[in-house]
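For reference, the structures are reproduced in the following blocks.
The same subunit A turns up in both complexes below, where it pairs with subunit B and then with subunit C.
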Partner chain A sequence: MSWTRKILRVDLSKGTCTSEPLNMEWANQYLGQRGLASKYLTEEVDPKCDALGPDNKMIMATGPLTGTMASTGGRYSVICKSPLTGAIACSNSGGFFGAELKFAGWDMIIFEGKSDKPVYLLIQDDKAELRPGDGIWGKSAWETDDILHQTHQDPQLRVACVGRTAEHGCLYAAVMNDKHRAAGRSGVGTVMASKNLKAVAVRGTGGIGNVHDAKAFMAATNDGKAVLAENAVTGQGLPAYGTQVLMNVINGVGALPARNMRDVGFEGAENISAEAMAEPRKSDGKPNLTTNGACFSCTIACGRISTVDPSHFSVKDKPEYQGASGGLEYEAAWALGADTGVDDLDALTYINFLCNEDGMDPITYGATVAAAMEMFEDGTITTKETDGIELKFGSAEAFVAITEQFVTGEGFAADLGMGSKRLCEKYGQPDLSMTVKGQEFPAYDPRGIQGIGLAYATSNRGACHLRGYTIASEVLGIPVKTEMNDTDGKAELVKAFQDATALVDSAGLCVFTTFAWGMDNIAPQIDAACEGDWSVENCLETGERIWNMERLFNEAAGFTADDDKLPKRLLKEVIKHGPTEGQVNRLGEMLPKYYEARGWTADGKIPDETRQRLSL
Partner chain B sequence: MNVSIEFYASLMKYLPPGKSRFRREIKVDDGLRLSRLIEQYHISPEEAHLVLVNGLFVCGEDRSERELVEGDVISIWPPVAGG
Partner chain C sequence: MQKSLNIDPGKCTGCLQCEMACSYEHTGTFNPSRSYIKVFTFHHEGRFAPYTCTQCDEAWCMRACPVDAISVDLTTGAKVISDDKCVGCKVCTIACPFGTVNYSQATGKVVKCDLCGGDPQCAAACPTDAITYVDADWTGYDRMLASAAKSLPSAEATA
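Up next, the complex of A and B:
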């Protein structure tokens, strides 16, 4: 069965930890992790509640394959209502924390209420207790991790925690685990801090002993691993170059946004690309990329471990940042780099370290700084607001300086911590916020690539590439190539990607497996691990059910079809040069077809018959 | 005629010596077909996964028909992905 069938419920207001059985009826309908925890959230939380109030809940959830020998089976997600968007939030993370939680015997932890003083949760197998968090409140995520390891004298302890930005109320704070992995998007860390919960430290010694059909599971996971190893992307490309290999690709096809999406195409792209990370620097003869790294049970190992040149201005005289640490992934490199016009690889790597150390989503952070830079250039924001920093596009020095202030909560931090939507509204320039439902775009310009625009506009957690990664098909030809600038067939493509991803995110697996795996590789692994029918058809229907359930939460929170939209810039301002010259996103051609493909009404509502079909 | 080639990621090893990170200006015969150019650099069809001419994708079947013209920029990637 692979579920432990046990949930830990932590009432922070009362200070209690209680064990309860997992609702197996729901598990059979929603699988685990994203799907199952979202089901609990929709049943237990009023979608209209204040995301930062005690009525919101935060769930840390594993999937049935988390902790198993399935490749990439180490994922967990953090689910709550988002303070950034007001929509449902679900942020997925790798590393080792999720597997450890499962080894301790828990499928998920539901946090409710609010503690009156800072605490952390300590889990040692079936023992769970809240401990005073005085010694760690006010510390960075890295310090918190170190202190908890020292306190408990257990190198195997796994820690998920928030950094200082969450404590300061930054609306896009992440939950960091294992120091360098993040449940990054939508402000799930801000919700954690709002409950006065600083960390969860877990040690499990139980292992996974209850796989439904162990022999079939062994065969299915071995088959899956062979497919990953033989595939050129998952077997060679991702371990060697990481996700960052996309920097030149997306720039090459004319879809790399730059300078707050004012431009498309970034002249400095090659300097911050995977290839640049791998080449020896002129200054010290060493490359930025030190090695690759893997999350629990992963046979792909796409992670980047980087080292900044010790003589680089950003880390000079700061020995604590001169060692190897979590390096740039593509989305972070784009948001921190191309979107701000900065092409200094080591400066961006240092800023990425700071994002990890104090737990903020680098996509939203970079894009918010980019919006501030555009307003600085047009004079809306001046050095009066930025505490003397000349916040110009392309200035690595200014970006480093403002980030160092940001993590300590000084200077312009409170404004930047709001995210670009609230920031641009505050300064009277709402159209300069590059967001959907209040969440910032990742690294693909929807004017150049039509389908991803539809995926952004309809994503249940606001603009996001991981809710329906049509780039795989539209640019990379996986599983089949579709034309970037065509709108035909994109409604169905987006739906297929969204549903399949919802299932993968609910299993405990990493979505990067889908560059090689189809549902016919994934379903047999779930089917062997879990009781019940997990055929390809049922897996796809489960994904669709999860997508619709999330949409219903948002609908009850007050979202309508009016929120399935893109910023004016992407619909009206044409791309000025390059292979995609003259293009805008043609969302209006795709959205009605998308609603139809989903079985929704013309105004984006889910009718009774679709609910019944999906047992919602 | 003159065209430019750009080889990325693991295909960088096929680039002739030169200064720029990815790009080389080369002389080729007038009317050279795209697939011929790829063969000349010993890049297999599997390796030449993503091929752009002036930023526009050219699929596998069209490469043997596609005649290059003066000033074309040909960019080639092996199978890659990210996100």
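Up next, the complex of A and C:
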């Protein structure tokens, strides 16, 4: 059955850890991880609660395939109400922590209340206890990881923790695990820190031995691995170039936003692309990319492990940053690079290291700095606010300086830590925040690609590429090519991607498999692992149920159809040059059709008949 | 013809498919903590290294065992532990210079790579051929081939 059927409930107010059985009725309806934990959240948390108050809960959840030999079966998610958006948050991470939690015998951990002192949770198989966190509070995520390994003298311990930015109240802090993997978006790390919970350290020795039909499972997972190996994207492109393979592609089709989305098309894109990362540099003859690395159980291995040029100004006298560490992925390279106009690969890699070290979402961080840069250039803010830093588009020196200051929580950090929506509102320029529901866009301009605009506008966690990656279809032709600038059929396309992704995120698998896998590859793996009916049809309906459940949470939190929108810039300011010249996003043409395709009312509400159809 | 596990750390991505395949074969569970092959990550170097028993001909573990619980599988050359004879004294774990024989709390015996009776599952599961199972006399074949190809810059080496 692949679930451990056990939940660990940690009451931080009382300091207790208790085991309880997994609600199997819900598991059969919501599968695991994103879906199942969101079900618990919607049942246990008032959607109107203060996201940073003791009434919010934070759930770390695995899926039924987490910890198995299914390729990419090592994912876990962090679920809570987001302090950045006020909507439901679910951030997914790879690395090794999720599988270890499962090996220790737990499907998920529910954290509730708030500790009056800093603590961390130590899990050794079925033993779980809260320990004083004095020695790690105030430390970076990297230091915390090292200290916990030293304290417990166990090299095989896996750690998830928050860095200093979360402690300082940055609203988009990540939960970091295994040093450079992140449950990155929506400020799930901020919620963790708000509970005075610094880290979770886990060691599991029990393994997973209760797969429903082991023989069928091995056959289905082997078939799946063969499909990944033979596919050009998952078998060649991602291992060789990582997601960064997209930088030149998206720039080429006229959909790479630049300088806070003021421009589309970035002249420095090549300098920060996958190709540039592979090029040996002059100083030491080594490329930025040291090697590719895999998360637990993943046969794709898209992860970038990079080094910064040791002679580069950012790391010159800092040997601790001259070794290899987690390198740039596409969304981070875009937000930190093109969106700020900085095309210095070494500076961006260093800033990416700092994002990992102190746990902030590089997409929101880069986009927030970009918004600040635009306000600096138009004179809204000056060196008085930025502590003397000339925060101009394209300045690697300024960006490095402000990031080093940011992680310490001093100076302009409090402003930047609010995210671009609050920052731009504070300085009277709300239209310069490139966000949906308060969360910043990733690296695809919705003026150039219509469907992704609808996906951003309707995403349950605010602007996000991982809630419905229609780029696969609109740019890469997976599973079928649709025209970038067409709006016809995009409502159905977005719905299909959103529902399928919700299911993948609930299984323990990585969404990158879907470059190669359809639901006909995924469903048999779940069906063999789990009891119950996990046919393609039931998997898709489960995904749709999860999507609607998340929407109901947001509705109860106060969100309406008015929040399914894009910033004016993307609806009114045309692209000035390049292959997509003259375009804006035509959300108005797609949104009514999307509501219809979802079985919602014209004002985006979920009617009783749709609820009944989905057993909600 | 005997075969050997041949490990090329440069190809390893650290995915741990080998550890799961090993534990599944020997314990019926996906459980890296009970795998006989271990992948080490050298974070600052950006390197991964799968590591397991090399099946020494004159095996320290076998010589050290006071109850003759370790014997040679004549087909594969693997040094194999007999659970019936092993008393869990752990002397072999001290004798092994490589640390690849270890005690298992779960069974009260020592455990080590047995080449899965000639069909090592780690090699079968490795997605990048970082672990292969090759002619024991020719574990250097791929490196020789690559090196030979370099010495003939214009030639396409074919095996």
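The rule is short, and it goes like this: the second predicted complex is superposed on the first by the 616 of 616 C-alpha atoms of A that agree within 3 Å, B and C clash if a C-alpha of one lies under 4 Å from a C-alpha of the other, contacts with A are read in each partner's own complex, and residues count from 1 in each chain.
In this text, a residue touches a chain if its C-beta (ideal position, glycine included) is under 8 Å from a C-beta of that chain, and two chains touch if they have at least 3 such contacts.
All figures in this text were calculated on a predicted structure; none of them were measured in a lab.
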Contacts of A:G451 with subunit B and subunit C, given as first, second, both or neither: neither
First (subunit B), second (subunit C), both or neither touched by A:E270: first
First (subunit B), second (subunit C), both or neither touched by A:G237: first
Subunit B versus subunit C as contact partner of A:H465, first or second or both or neither: first
Touching partner for A:G35 - first (subunit B), second (subunit C), both, neither: neither
First (subunit B), second (subunit C), both or neither touched by A:A324: second
Contacts of A:T299 with subunit B and subunit C, given as first, second, both or neither: second
Intersection of subunit A interface sets (partners subunit B, subunit C): none
Touch list for subunit A against partner subunit C, complex: 67-69, 71, 96, 99, 103, 156, 179, 204-209, 211, 214, 225, 229, 239, 290-299, 301, 303, 305-307, 323-325
Contacting residues of subunit B [partner subunit A, same complex]: 6, 8-10, 12, 21-22, 46, 49-50, 52, 54-57, 59, 75, 77-83
Residue ranges of subunit A touching subunit B (in the complex, touch as defined): 231-233, 236-238, 240-246, 248-249, 252-254, 270, 274-276, 279, 302, 329-331, 465-466, 469, 471-472, 475-478, 481, 484, 511-512, 515, 578-580
Touching residues (chain side subunit C, partner subunit A) in the complex: 13-17, 20-21, 23-24, 27-34, 43-48, 105-106, 125, 127-128
